[in-house]
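There are two complexes below, and they share chain A, which is joined by chain B in the first and by chain C in the second.
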Partner chain A sequence: MSVHTTGAAVDGRHYDAIVVGSGWAGSLVARHLGRKNWRVLVLEAGNGGTDNWVDYQDSVRTFSSAVAKVPNSAYRPNRAAPSPDVLDLSPGGPGNPDGYRATGHFLQTGPLPYGTDYLRALGGAGMHWLGAVPRMFPEDFSTRTAYHYGLDWPLGAADLEQHLRDAEHLLGTAGESREQHRLGTVPADHEYPMEQIPPSYQDKVFHKKLDTRTVVDKVAGNREYRLQVYGLPQARNSTPNAAYPTADGSTYKPRGAVGVPNFGERCVGNASCVPVCPVQAKSSPLRLQQDFTGTVEIATRCVVSRVLPGRGNTVRGVEFREYGDPATPASRAYRAEADVVVLAAHAIENAVLLLASHMANSSGNVGKHLMDHPTLLAWAETPPEMPVGPYRGPGHTSGLECFRTAEGRRQRAPFRVEIGNWGWGWATGAPMSSVSGMLGLGGDSDGEVNPDGRYGPALRSALGSHLNRQVQLQIAVEQHADPANRVTIDPSRHRDAMGNPRPIIHYDLAKHVRDGMYAARLAALEIFKLLGATDRSSYGAQADGSYPLGHYRHSPDGVLEELDLVYHGAGHGAGTHVMGAERATSVVDTYQRTHDHPNLFAVGCGSMPSVGTSNPTLTMAALALRSAERIHRDLAELHQPVTVAGPRAARTQEVAQ
Partner chain B sequence: MTDHEAAAHSAGPAPLDRFVRLCVPLTGFTAYELRSTGMAQLYFDTAGREIGHRSLDAFLGVWEEAHQGGLGPSRLPALERELARALIYLWYTGAFPRIAPAAHAELRRDRPNQEFVASPESYPEGLVWRAFGGHPAGAKPPGFGTWGDEPPVLPTEAELAARIAAEDAGPGGAVAYDAGSYGSAGESGGSTPAHLLPGPRSSRAVSPSAVPPASSHPVRETSPEAGE
Partner chain C sequence: MTTMYDLAAKEYRPPKDLPELKTYLQAAVEIEHLTIPVYMSGLYSIVPGTNAYACEVIRSVLLEEMLHMTLAGNLLNAVGGTPDMGKLTPGYPARLPFGDASLPPIALQHFSPGALETFLLIERPHSFVPSNPDETGWTSIGQFYEAIRRGIVTLEEAARGTGQTIFTGDPAEQVGPEDFYNSGGETFRITDLKSALLAIEVISEQGEGAQDSIWDSDDKIFGEQRQVAHYFRFNEIVTGRSYGPHDLPRTQPSGPLVDVTWQDAYPIDPGAKSAHFAPYPEIHRAVEDFNDTYARLLVLFERVFDGKPREMEKAVPLMLELRDLAQRIYRNPHPDTAGKPGLHASPTFELDDSRLRRAREHITDLLAAPAEIPAQSATGPAGAQKEEQHS
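The block that comes next holds the complex of A and B.
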């Protein structure tokens, strides 16, 4: 059980470690250090209160009440610690095809919008994530060497193997190891704790229609790709895998809801993983926080404003502001000290904190290399005799993996084709917008009442048939590290209500990425053709002359026809304090320790030099566990007075007793 | 609203009964199905508040007359047609929609023309989920692995029409279902016409009822009031 405290109560106190942020990375680090008996303070900027059953239900109700059921729609807005929201962006309007307008937490200055959100609340974006945990391919760690783009990692997949397994255990993952081994993402002896989440009915239709068929990629030199549908590893409770090895030889026991025993131990198909799993069968950081020992304290509503410098190049602790009411920014400033400070506040917030503290930036790379998985949505209608039954089960349970690896990457960014289980929801707002569309509701572009529509039995029957035939592909394209995509701050001009600097985002898609998205669009058309489905995707000018947010036109070589394309943010912010062997070109080392400050760590997706085509949480979790072990060793060394001399060590020793 | 109107609006079960009865042919769901959502009173109150109790009452009168005359909603005048759509949207999604600006103006509403969810309880009661044999996202979960099952066989339009006609049978017998004036595509209904499908949401901030159709409605030779 975690111990809750307040900012006022911890003011001036000294800890072994301070962890900034209570999402996946912060919770993994704090959990590990607590179990090693270190005294840890976790400072969470956002609200707490979801870590008991009754208050968790408030999130479910908030979701039910929301008109736009976006990733942050289950969580209350918070002025004191604002979160970016996908609702903050709107298109540029007629005559401004690639333009956009941005409000909210981010100030955006780039040619294209950064359409990704995160959540500042207990558990962080780990509350609204989908729960997809595919591993990165070994080749994803060295795209610079192998394919001449992006940045290489200073370590490889093999170096992370044990930590990946530990992360898969702690997150509680379900998957089919044999299949993933064939794909090339896990070793032969690998097992997931739980059996694969059953595929959706739609997945089976795709298997039947697509497996062994081929698609030619005109962008990648007319290379032929053989389609094969693969299951998706997920951090979602399923049937325990009897073959999974546990320490004491017992069968793995799924972990369910926080605060209710024996509940949520299997997914029951609420089909709302993003933004909230009502039964908590989807894993969240709240689970890890239940494991916190008594030496770990959490203080919510405490916004860290800067890291405090210590002697030499060390850091001493953090300064933070505690607020009582999320609706008002009234707050008090406090300080806490620690031997080790771990920033785990999300890639973008970590960068803001480092920049605001004037720390860890001797390379000039803090904030640079901002990444995401720009995602192309393609949607289609299957024939009446071939319903796929969407809006059931987890958000996606299978995908097409063939475009993710190998030589094609040299010519265009690789991409992963997710087979969406929730109809046209993301692209069009269905099934609600399908109701208004079928009714002819809302008027024409002049605001006049529309003539056509279906009503009564005709409506119910047409909607029933049509909604069961909605197919949506969500194609996540790799975005490589590009120094021009970056987070900066301008504290003299742009601060949030509490006075902390707002992230200023400059974002664009490089040609390699645009080429990948172009290839993804052509692949989607081929897939729809093989399915016998009618493509309904639309990326160009709409009836009122405006273009969808994230629009651009592109031809990879000037010879292929120029196409309208639209990308969406995937919520996979990464790369703002990249890891590297050279301190001149990177911010952290392989343990996510900042090169400049031996006791300051920046953990999370911000450390990743590349993201491949995999949802990044699992890799981030493995990195966090690797860091936690390193921090434990550092603290152990610090607390051996024989080997560590000097006044600082002596003082630390006194406090520890 | 005057006190008298408010009293008339909320006087006992009769107005609510009438509201539900007239929503049966609009939605294609039986009175029992509508009542079993538990939302009838909330929707009656919400609609009255949104479009004005007097306008709602006038609409119900016009619709009742058309329905008794064997005509479907597509034969209604423009304003009433849009109000029929708004009520159906409320039943199908639990949210009151953004309506055509022309209708909004004609009603002289004092409320913003913006979609909102009537209550956290109404969202999972939306009929749209039942229309395709599904369940609302985030509620009424059907159980582990059920998403791998074949989607259910749904009742045909004729079966649905027969079901509600049986319920409707008054002293003068059941009102015959005039499929054309309900916008039916008849037997040819395979691929849905683009103007009845949603287009892309230009941003996530656009509410579902404000998403424009995938293409403009075809221009009509004659006004729909005059028949198709």
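The block that comes next holds the complex of A and C.
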């Protein structure tokens, strides 16, 4: 159950902990503290409602009727607490190859566009995520030491092992431990709660054509990489793993849907994981909120505007504004107090809050080191005799992992090759764009009816043949922490409708990242060659003379041919309050406690000094659990009886009695 | 002739020996199956996107009937028998296996007040059957399972007396919780008297409520959220109002209104047969496809209960296929516009020996083949432009 309250009702009240944000990180912290009997207030800036079935169905319908099926398309616009949207960006137009236009929540100052969004709603971006939960490699935690780029973590994979397992349990993960162990991401005794989501037919084609074959990486000193297709661990319901150890010895039971009794299917391949799973086979933070004890209260539509300073270097609570109607920013200000304040509002919103509160920034690093996984899409067509059956199943179920690790990282950023199950959907807007293309919509260049347009059975048959042969690789490149990529605010000039500062984003791709993307492009071409598929990727000038959003030209060394490249945002916003042992160079410690304020925590991907080539949610969840345990110990200490009087005072008391 | 009708023609009493118990359990599988095409018709004839509450209710009951059929199959396996899917109802309208000859036959009906009346009749609690001193036969599904329960207890006690047990089935052939999911309750292996009685309790109480209440016992047995039992769930649709927390079986629901729009359904001919569509090849082919797929599903269950319990997972794509085929058929006006004005085409759930034979060949191939997906034309969801993908 989860107890809902309102901002007005909690005004002036004192809690043990206030958690700002109800996404994965905030929900994990609140759940843990509630179970330890602490009184917790969760303030969510966005709308609630998806925790009941009727409203959840409304999200499914909103997605169904959306023209552009972008990650936020299932969730209604909110003027009071706006979310950045990928549709906020558009290309620079003809003759402006690297330009772009930006509207919406972010103010972008370039030079390149930051194409990543998030969602301000109950459950946060955990509502529209894909559900991919691969682990980081141990070497990802120390790239500075090992490969001379980026920032090292102050802790390692082994320090997080138990919390990673707890996170995999609470998120409800399906995967193949033996395979992941061979890959080097999990220990030998590891088990996932559920059996791996079955690989797609396309995955099997890739296995057959690619396993044991090699690709030479010209960017990484002509190193040879041996290809091997691996399954993807996912937070998605599948068959329970009988070997998975549970506390009471019973078999793991997949968590059902929220807000409706006895429903919540296992994945049946609806293929709309992003942004909404119609059967809730995909895990979301709503499940954790169902576990909240009665001591945890949630208030939605409460936008925190400031952390309030307390005595000394402590914080006292938060100031927030509650709105009634998401269509207008009309709102009222309230405040609530707590012994511990936890910011869990997303990397970018956490940074904005800290900057707006003038807190935790003695290092000057708040907002710096903004990261993402810039993603290169490469698409190709398989021959007629080799259909791959896309557009079913989760977004991707397998990938190629060999470019993620080892010495090649010195020369270029590492990358993970996702084998997409949804055809050219992300790259070209297929299958809709394929239909309109074959119909000949728009006519020819003179505006005449296109004579090549197909309809009826001819259209159906052509679509059946073509769509079935669409292959798309989504290649996520590691972006290291670079202080030049940053979030700032300018409250006097750039505020949102409610009056809170808008994030100002300065973003670029460093040479190491650009080299990695170049290598990824060459690898994609080699992979397509081994598959016998024809590359259809297009990164240069389009028919109207404009260039795709995220375009740049690059040659790693000036010798290799210069190529047009295009990256997309992956929705993996990270950095902005990085963790470190030195307070002069980092914002939070290994418990995500701000160095400057003993009772202020900033949790989430913002704390990560590096993101490797793994989707960051699982690592973030493990960090949140580690923080939750620390906060519990802090609160317990705070409530221990303390002897304030010295021995002499005690004697005096005795005498007085 | 199916086993359940043979049984219903006789007097009401518990099975007296193990062979008779197996007969009763075979009849149980048939009875549970009898309801499935009826509820499927009610569910899939709803115009997609409408009647959300009713869809949820019928879907939940339909899945629980599948659970009951699985548990009945497990019970039969547990005492050393094997379900025979060749004895399932070959077509509709079908009689309920009750002694009362005045009960109307059960037809495949579209979502309508009439269909819901039928659903209520199927699920009516034991205690709702009007007591008639002259009527000594079979009157309700709850009463039928009561006979099985008494039979199992007596026979197991007798077997124990001689140091034996009636539960001689191979536990490895039982369908466990691995691949069955998604409604109230879960499947479990039946290996002894305790698990057998639990299975009967689940079947009875999900249907007609626990201990003369409107509630099922999913909360107590499975630690799940309790729901009102099938009969009362259907009654919410009929009355357009949901039950409140303190309502009783004999009171009408007093909770909030339920939005039911009866006109948002495709009206169908309850007497439709595949042969009626023969002059219209496209519809006929679709109806035949549906019936073939349905036969395959049943034949798959035959294999599941005959030593291959983990093949249950292959039922999921078959059931999704059935859903899509059904909705494709219902969308079409009945091609006989003169004879059946205003009606729509409908799946007919007809089974005969030749169809079952074809289905057996198909399933044999399916189970023999490695899990390769054959190449076929793409059927895409309405995915479209995704500027960005989140993970």
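Criterion: the second predicted complex is superposed on the first by the 633 of 657 C-alpha atoms of A that agree within 3 Å, B and C clash if a C-alpha of one lies under 4 Å from a C-alpha of the other, contacts with A are read in each partner's own complex, and residues count from 1 in each chain.
In the analysis below, a residue touches a chain if its C-beta (ideal position, glycine included) is under 8 Å from a C-beta of that chain, and two chains touch if they have at least 3 such contacts.
These numbers were taken from a predicted model, which means no experiment stands behind them.
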Which superposed partner A:Lys204 touches (first chain B, second chain C, both, neither): both
Touched partner set for A:Ala125, first chain B, second chain C, both or neither: second
Which superposed partner A:Gly249 touches (first chain B, second chain C, both, neither): neither
Partner chain(s) touched by A:Asn270 [first = chain B, second = chain C, both, neither]: both
Which of chain B and chain C A:Gly558 touches, first, second, both or neither: neither
Which superposed partner A:Gly393 touches (first chain B, second chain C, both, neither): first
Which superposed partner A:Leu463 touches (first chain B, second chain C, both, neither): both
Which superposed partner A:Pro278 touches (first chain B, second chain C, both, neither): first
Touching partner for A:Gly429 - first (chain B), second (chain C), both, neither: both
Set intersection of chain A contacts, chain C complex versus chain B complex: 61, 64, 67-70, 86-87, 198, 201, 204, 266, 268, 270-272, 387, 389, 391-392, 422, 429-433, 460-461, 463-465, 467-468
Residues of chain C defined as touching chain A within the complex: 49, 52, 56, 60, 177-179, 181-185, 218, 224-227, 313, 316, 320, 371-373, 375-391
Complex contact set, residues of chain A against chain C: 53-54, 57, 61, 64, 67-71, 86-87, 115-117, 125, 128-132, 198, 201, 204, 239-240, 242, 251, 254, 260-266, 268, 270-272, 274-275, 375, 387, 389-392, 395, 422-423, 425-426, 429-433, 460-461, 463-465, 467-468, 474, 568-572, 615, 617
Sites on chain B touched by chain A in the complex: 25-29, 72-74, 78-79, 81-82, 84-86, 88-89, 92-93, 95, 97-103, 105, 115-117, 119-121, 123-124, 126-129, 131-135, 137-139, 141-151, 154-158, 160-161, 164, 177, 179, 182-185, 189-218, 220, 223-224
Chain B-facing residues of chain A, complex: 60-70, 86-91, 198-201, 203-204, 238, 266-272, 276, 278-279, 377, 381, 383-384, 387-389, 391-394, 397, 421-422, 424, 427-468, 534, 536-539, 542-544, 546-549, 566
